[in-house]
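Some structures to go through are shown next.
Note that chain A is present in both complexes that follow, paired respectively with chain B and with chain C.
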Partner chain A sequence: MNLKFRVVSIIMGAALLAGASAAGASAAGAPVAAGVPAATATAAPAAAPAETPAAATPDFKTLDQEVQGVKKDVIELNKDLFVLEEELLFPANTQVAVYVSMDVGTFFALDSVTVKIDNKEVKNYLYTAREADALLKGGVQQIYLGNLKVGKHELVAFFTGKGPMEREYKRGATINFTKGVGAKYLELKITDKVSKHQPEFTIKDWE
Partner chain B sequence: MLRPIVLGGLLLTLAPAFAATKNVKPDPNGLPPHEVMDLQYGDVLFYFFQDDYFDSITRLLAAQELGRLRHTEGEAELLLGGLYLSLGEHVEAGRIFEALLAGKASEAVRNKAWFYLGKVWYQRGYLQESERALRQVSDQIQPRISAERYMLLAQIMLRQGRDDDAVAALSNWHGPPDWTAYAQFNLGVALVRKGRLGDAVRYLDRVGQMATANEELLSLRDKANLALGFALLQAQRAAEARPILERVRLDGPYSSKALLGVGWADSALGEFKRALVPWMALRKRDLLDSAVQESYLTVPYAFNQLGASGQAAEYYNSAIDAFDAESKHIDESIEQIREGKLLDRLLKDDKKDTLTWYWQLKTLPEAPESRYLYQLLASNEFQEGLKNYRELKFMSRNLDDLRQDLSAYDDMLDTRQHAYDERVPKADRVMAATDLDALTRQRVDFESRINEIEKRSEVAALGTPEEQKTWARLKRVEDYLAAHPEDPDLTDMREKLRLEKGVMYWRLSESFKARLWNERRSVKELEASLVETQKRAVLVRQARSGVPTNNGEFGARVAAIRARMDQLQQRLAALSERQNRFLQALAIEELERQKQRIEIYQIQARFELAAIYDKATSEKPKAHP
Partner chain C sequence: MRRALPLAGLIVGAAWAASSMAAVPTMVGKDAPDFVLKTLAGSNLRLSEFRGQVVLLNFWARWAGDSRQEMLVLDKINATYARAGLVVLGVSVDEDLRRAREFADAMKVTYPVMFDTGGSSTGKGYLLEKMPMTILIDRSGVVRYSHVGFKTGDDRIYLEKIRELLRE
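The block that comes next holds the complex of A and B.
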């Protein structure tokens, strides 16, 4: 009766060899079913053909490499367009960029920032938890990118959020700066002042 | 399991580099201030920390091109490699890492970068490249990463059929308990493949009896018991196989195969009635499972062995009908896949806004062909191919979005040109009406006149108009008196003139210095105004000639990007189609494999049925001679 051996070897090959790829790298956690073609599974189990995914087939590799190439070109095009946009809309001689950074955040949980330049509100930004978290991890947000004439200007920033003891907290910071012929970068910095158990809000003028 | 390791790993890879951007000087307030070295690098991290790798890499490449990462060049390049890796761009990531890691990177950074690159290459089936990368990792690495690295290396060997190498690599390996279980399982598998069942039993049995509540390890335990049970069955050791197969959980994914095996163990021991219990239970399950399909043959086989050939024939007939119906279902599914909509149906409910290499399709849509595709989904090749297809679609949507931006830029440039064309005639009129050279000459003359007044002390020259009028009248009177020197009637007049002229002169002299200073200040202001006007005139002239060039340059760049975009869209469409056909072929191949297996079972059932009928026919004459 060869039925027994045929069936056993089918399952055997599948069960053993499917197991070999289990160490945290198997795909999708989809159920692994027997799949060795019966026609090739009549051999002894020890010689059963490998059911584990083998190395990538040439077709897959060729396609994969072409996909990689086109993806890289799309990324490159995105970059070129990003640079074009900045040079077209915010040329260096008039460009002003305002960034927000946050350090530690023990005494302040950021909700929103309002930016006024020369008494005109240019940005009012409400933060998601994910964005506030990205700031805490060391990310710096470009909150505003615009154009200003050469000369003297004033920037006022208002920060709202939860301060010490979970209280609503709103503070402002001001800077007078001179816009020259090059791009101007300003950093709104939120830091913890441990000695006073209070957050501190400052503005740094990047020359 | 993949996601947290990869993301955590990338962050860890960055951590030492990022620490270098912070100010390490002690802070009087107690906490070290977080000093940003390059604002634009922080901006890149802002998106990176939100897992928005596409925006992050765009900004990073732009900042590099614009030369804005002067202080963070090294870590930015490392992050770029990590971002490429996260986006599945392993070739580019490999190129960056190879260039970067050969040099000054620390051992910890180097180890992690090679490890993740090796892992992605393994996932994509680039086994040789994966092994090369993983072998670059030194032992100075976290135990869990080290364990995974060893396991990946062993799996590469198994996938390449290098069982001896795998056995050698795993035999003396010790690591964290869960990884040790995987190692022992893989070692057992490699030993069975080498025909060393005696050695394999020790390892597989240990995994098969481990105490755990972790679902992943419970599943591994089931697999170990299943593998060992069938290995023993194959070695004609059914009595030992049975209790091992009974360890497999009845509600786990391997229960069908275990039920089949338990039946075979009973059958091998001659206990056909007992074998019918698991096999009948199995027969009630979904026919899609190959173990269930086999039970359609084993149940009548057992009945036949028990001498119940009538029931056996009935079950074989039923099996033939069931296989026939299943075969038709598979044919229908193959037809539907050939219509070319499989991938779009698979991705119908997918969230399309993220792009990460660890993405995997977790659920199958309600569709007739879905039930046959579970096995296919378990294969790396299909999952990675599907991921590629999904990414191609993402890129195509991205280009569609950018195309709208380009149209806006075109409009903007048109508007600028229009405004320029309107303003130029007015500017030209103003420029033509303004003789800056004449104004400059006038200023020089004016300054010379002031100098002359000062030199000659012409106090009256700086008087008010009224004073100058009075002074002129006095001068006329003086001239008249000078023309009539002998007239005695004018004596009083002469005295009056002398007095009035003296008073007037005294007044003019008193304010002369202040007035002179004011005049000189006016000259200076005039000079400054003239310089400013000249500057503006230069700017106007530059703008007049520069704007068309600028607009033209920008227009050319926009046009070039649009052309690249068109060409990329064509490539994306062609590759999507090829990827679709490739995956479609894989799916059809899988379905045909299942159909072929069912057909073989069907032939087997017909053969056994014929044998029963033959036997029945040949026995009849004996019963009724």
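The block that comes next holds the complex of A and C.
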């Protein structure tokens, strides 16, 4: 019900926006088509500056403000559509999202992560230097978003990169989790284990 | 009647050739598909990270004779135009990664060379026809020029297009 209401409101928003942009377009086109009878009330003030250049600035300022407003609405609408799309494609009762985070990273330079769910590879991600750097600075990446049935599942993650002494490093981490009726969030964490001078790979289940 | 038959055949043949030429799909005017590949140096490069720069993407294969000649030319172009905002990227589509690496290593080009092997679909996204193939991508990430094969003098066409895109 809530979803239906949001769909309707987004469609209405889009329709209003289309109307507003059409009015804006006619206003913008007004100086050229000043004699066209189709010019609306909104277009009229914009048409005036062609005749009186002195009064041009405030009207154009208003038009500019309108355009900026429309742009802002488009961004808002785009955001709503994105959220809606995600809700439709990955409903909460089947949604599973996997994130990657990295803390410190002195003992490990990340190269790639492979995610397997129930023995099926769902994601293989190669990291560029910039992306690895963003993770080191505290960024969290959503590496996978998908759907899973309610019940027990297994997630295996393989991490490759350069370990201590610039050595090729490949490690795995496994988690057995139960998917309930709500969305499931899992975090692949790469941390430094200072006592062992080794990186540590863990998977956290965000209940 | 005897004359008319070969003539009709010719017309049909020409029409078929024209239609088949027109049907060749091209990426020009479309957004360049993003990809991330491993380079010869071992790092990973993502195409979208070069947004804002003009990118020359060269797909090559060890078995394509023109690739060697073209890579040397592209290395010179890279040396001259890198400072002006041009990024030259080489992508090998060889099946044999080890031999492709050896080939790339021997060429000693200064621009990054990547490997599209192991089932990666980078080449498919660019509708590769024949090797080598060169793609020019503008600063906003749109494919602006596509060139199949390489022969002496083609570098002049590349330079013309590169200068045009760098000026934008």
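Here, the second predicted complex is superposed on the first by the 141 of 207 C-alpha atoms of A that agree within 3 Å, B and C clash if a C-alpha of one lies under 4 Å from a C-alpha of the other, contacts with A are read in each partner's own complex, and residues count from 1 in each chain.
As a working rule, a contact is a pair of C-beta atoms (placed from the backbone, for glycine too) under 8 Å apart; a residue touches a chain by one contact, two chains touch by 3 or more.
All of these numbers come straight from a predicted model, not from anything done at the bench.
K.L.:
Between chain B and chain C, point out the one touching more chain A residues.
P.N.:
B
K.L.:
Looking at the overlay, does A:Gly138 come into contact with chain B only (first), chain C only (second), both, or neither?
P.N.:
It touches chain B, and chain C stays clear.
K.L.:
Does the superposition put A:Ala129 against chain B (first), chain C (second), both, or neither?
P.N.:
second
K.L.:
Touch check for A:Asp111: first (chain B), second (chain C), both, or neither?
P.N.:
The answer is second: A:Asp111 touches chain C but not chain B.
K.L.:
May I ask you to decide whether A:Val150 touches chain B, chain C, both, or neither, giving the answer as first, second, both or neither?
P.N.:
neither
K.L.:
In the superposed arrangement, which partner chain does A:Val67 touch: chain B (first), chain C (second), both, or neither?
P.N.:
A:Val67 contacts chain B only, not chain C.
K.L.:
For chain A, which residues lie in the overlap of the chain B contacts and the chain C contacts?
P.N.:
Residues 130-131, which sit in both footprints.
K.L.:
State the interface residues of chain A toward chain C in the complex, per the touch definition above.
P.N.:
111-112, 126-131
K.L.:
Show which residues of chain C lie in contact with chain A when the two form their complex.
P.N.:
36-38, 43-46, 49
K.L.:
Contact residues on chain A for chain B in the complex?
P.N.:
1, 3-4, 6-12, 14-35, 37-39, 44-46, 50, 52-57, 59-61, 63-68, 70-89, 97, 99, 101-104, 130-131, 133-135, 137-142, 185, 187, 191-195, 206
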